[in-house]
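Next up: the structures, one after another.
Each of the next two complexes has chain A plus one other chain: chain B in the first, chain C in the second.
Then we have the complex of A and B:
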């Protein structure tokens, strides 16, 4: 389980996160939702120790993040994290060199799934295909948790559908996913848990399935209620 | 260790193309320098002897024979070396900042590797060292080749052959003596001081990347403090005008100060990379 406990983060005098707490379980898709600038990306960066927090705790399976944790959790940011001059095969080779959890079989499967060619250079890829390579590099790792930052941002509808299909495939399996997105409609029916954020605070945390079944509401309906209030 | 070596290999490969192009420029320019300098000398010699009718012996006593140190002072020789030094100096900054400001933020990947973040720091500093020593080694290999070309071009009675050691020690350029030290002590001093300077600069960059604008001030402050500590034994002696230590003792103390400053810089950088760095 990923536990985010009462974290605060300031950039200069501006408080971006103001006591944010939530949990994300293995086997669940947790979605962080909020308008731009509410601190969604900062939370993911903080979980990965890519930005220091001012107070609070972040635990992954009960432990603070350490170098070994990067074999158990992966982060797929909204921009690709490989050098533009690399070919996809070289990027996969880099991952294979440095990560014990890299699964070459799954990587090859993902190449086929996304219809990508190993010989293509990253700098030559379209935005959609760049996002797919980014996903490939994250999903091909045998990790417990995957963090995704705006995986649908600025991508055409066909690529979005292809990426959304990942969530229903065995590629996610029983892994825990934390995702931030504006394009909620693409994966609304797949989300298990929602954390609504505003001004660095958690406005509401709810189980999407319960809301669907008990209240007969969609995630978007709850969002409208909370944000209008 | 294994991942550190892989990182060194990866970092070196990232600059390899530019590096080998520069080595090629160094090679071509310096060999061209030897050829042009020799041709100029021979043309001038021929003009003096055959047109001005100056006897050979008088010409040699008046203008001297040709030797490699005349090539050394030409732009053909100094120019590409200055270019290599400039590249290394520029790359000390670029090696970090391109990972943050490049088209793709590769720093995400580097900081999420399942290895100590200090290995990234050490791999980058090792790359800088490899580049520097690579240039020096290449230059030392080039000397005998250039001397041989000079021997082919200039007749024996018009030239003085200098060994690599003679060439370096006879050079009037202080800068060349810094790059090619005359003794092992000078080597330790020159390259040790260079290594200390690079660790200080890297630490200053870590401060800037951790605290941004505030970090620039912290980085400058740290650099000034580190330089003062490094030169403290000399500063104290000069300030008090009392020379308690022999030069050999000063050398030992300076080496010790260099080790202290380097260890502090690596420790501070490790702390910043683990706890304070941000994307």
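Then we have the complex of A and C:
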């Protein structure tokens, strides 16, 4: 389990996170939802220690995050970080050289899953296919937790469907996933947990099936209530 | 297993169980037939694997499916359970029909004769 406990973050004088707390379980898909600029990416960066927090704690499996923890978590940013002139095979090779937890077998399977060719150059790919390569590079790692920043944003519907299919497939296995998004409607049935964020605060944290079961409400219904209030 | 059109407000696992019941009642899923694994079901229906697991747990508790050792789960052959499924679906449909027709105050005899007429017409089509 990843536990985020009361974290705060300031950029200069601006408070971006105002005491954010939530948990994300292994084997579940946790979705951080909020409009742009509410601090979703900052939270992921904080978990990865890419940005130091001002106060609060982040625990993984009950322990404070340390260097070795990063063999258990991977972060997939919203845009690919590989050089555009690289071929997909070269990007995969780079990951293989760099990370002990790279799983070449799964990477090859993902290539087939996304119908990508190893020989293609990143600069020649469509936006959707670039997003898929970006995901592939993270999903192929043997880690317990995967953080994805806006995996569905700015890509066509068919690529979105293909990416959504990963979530229901064995490629995710029983890993814990945290994704950020501002567009929920096409993944409502895929996610376990929802964390609604606004202005650096958690407004509500709930399980999607439980809200449907106990209150007969859709995730979007709850969002309307919470964000309008 | 056809695609289900899910609504957003009922629990997904409940909708999955209902879908299985419909398939059983209409004979699309025969007694003793092997059903997909939790992961296969999740993939087919594009739902969360935990939800698929929950649906199977519910069906197992209701006796709709059974699992022997490590083999894939199968649809029950228990006649009583199967009969119950059919009855449950019929009653649910009648209930929702009655509650919607009641609100427009139609005498029951008129309703019944209309139902008979409609049924006959449907059969011809």
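Heads up, the rule we're going with is that the second predicted complex is superposed on the first by the 229 of 229 C-alpha atoms of A that agree within 3 Å, B and C clash if a C-alpha of one lies under 4 Å from a C-alpha of the other, contacts with A are read in each partner's own complex, and residues count from 1 in each chain.
Here, contacts are C-beta pairs under 8 Å (C-beta built on N, C-alpha and C of every residue); 3 or more make two chains touch, one makes a residue touch a chain.
Note that the coordinates shown come from a computational prediction; the quantities given were computed from them, not determined experimentally.
Of the two partner chains, chain B is the only one touched by A:52; chain C is not. Look at A:189: by the touch rule set out above, it reaches chain C but stays clear of chain B.
In the superposition on chain A, no contact is made by A:227 with either chain B or chain C. Of the two partner chains, chain B is the only one that A:80 touches; chain C does not reach it.
In the superposed pair of complexes, A:29 makes contact with chain C only, with no contact to chain B.
Using the contact criterion defined above for the overlaid structures, shared-chain residue A:206 touches neither chain B nor chain C, since it reaches no partner. When both complexes are overlaid on chain A, the residue A:164 reaches chain C alone and has no touch with chain B. Once both structures are placed on chain A, no chain A residue is touched by chain B and, in the other complex, by chain C.
Listing the residues of chain A that touch chain B in their complex gives 45, 48-52, 67-71, 74-75, 77, 79-84, 94, 97-100, 122-123. Contact residues of chain B toward chain A in the complex are 3, 6, 10, 14, 102-106, 108-109, 111-117, 275-279. Chain A makes touch with chain C in their complex at residues 27-29, 164-165, 167-170, 172, 188-192, 209, 212-213, 216-221. Taken together, the chain C residues at the contact with chain A in this complex read 6, 8-14, 39, 42-43, 46-51, 54.
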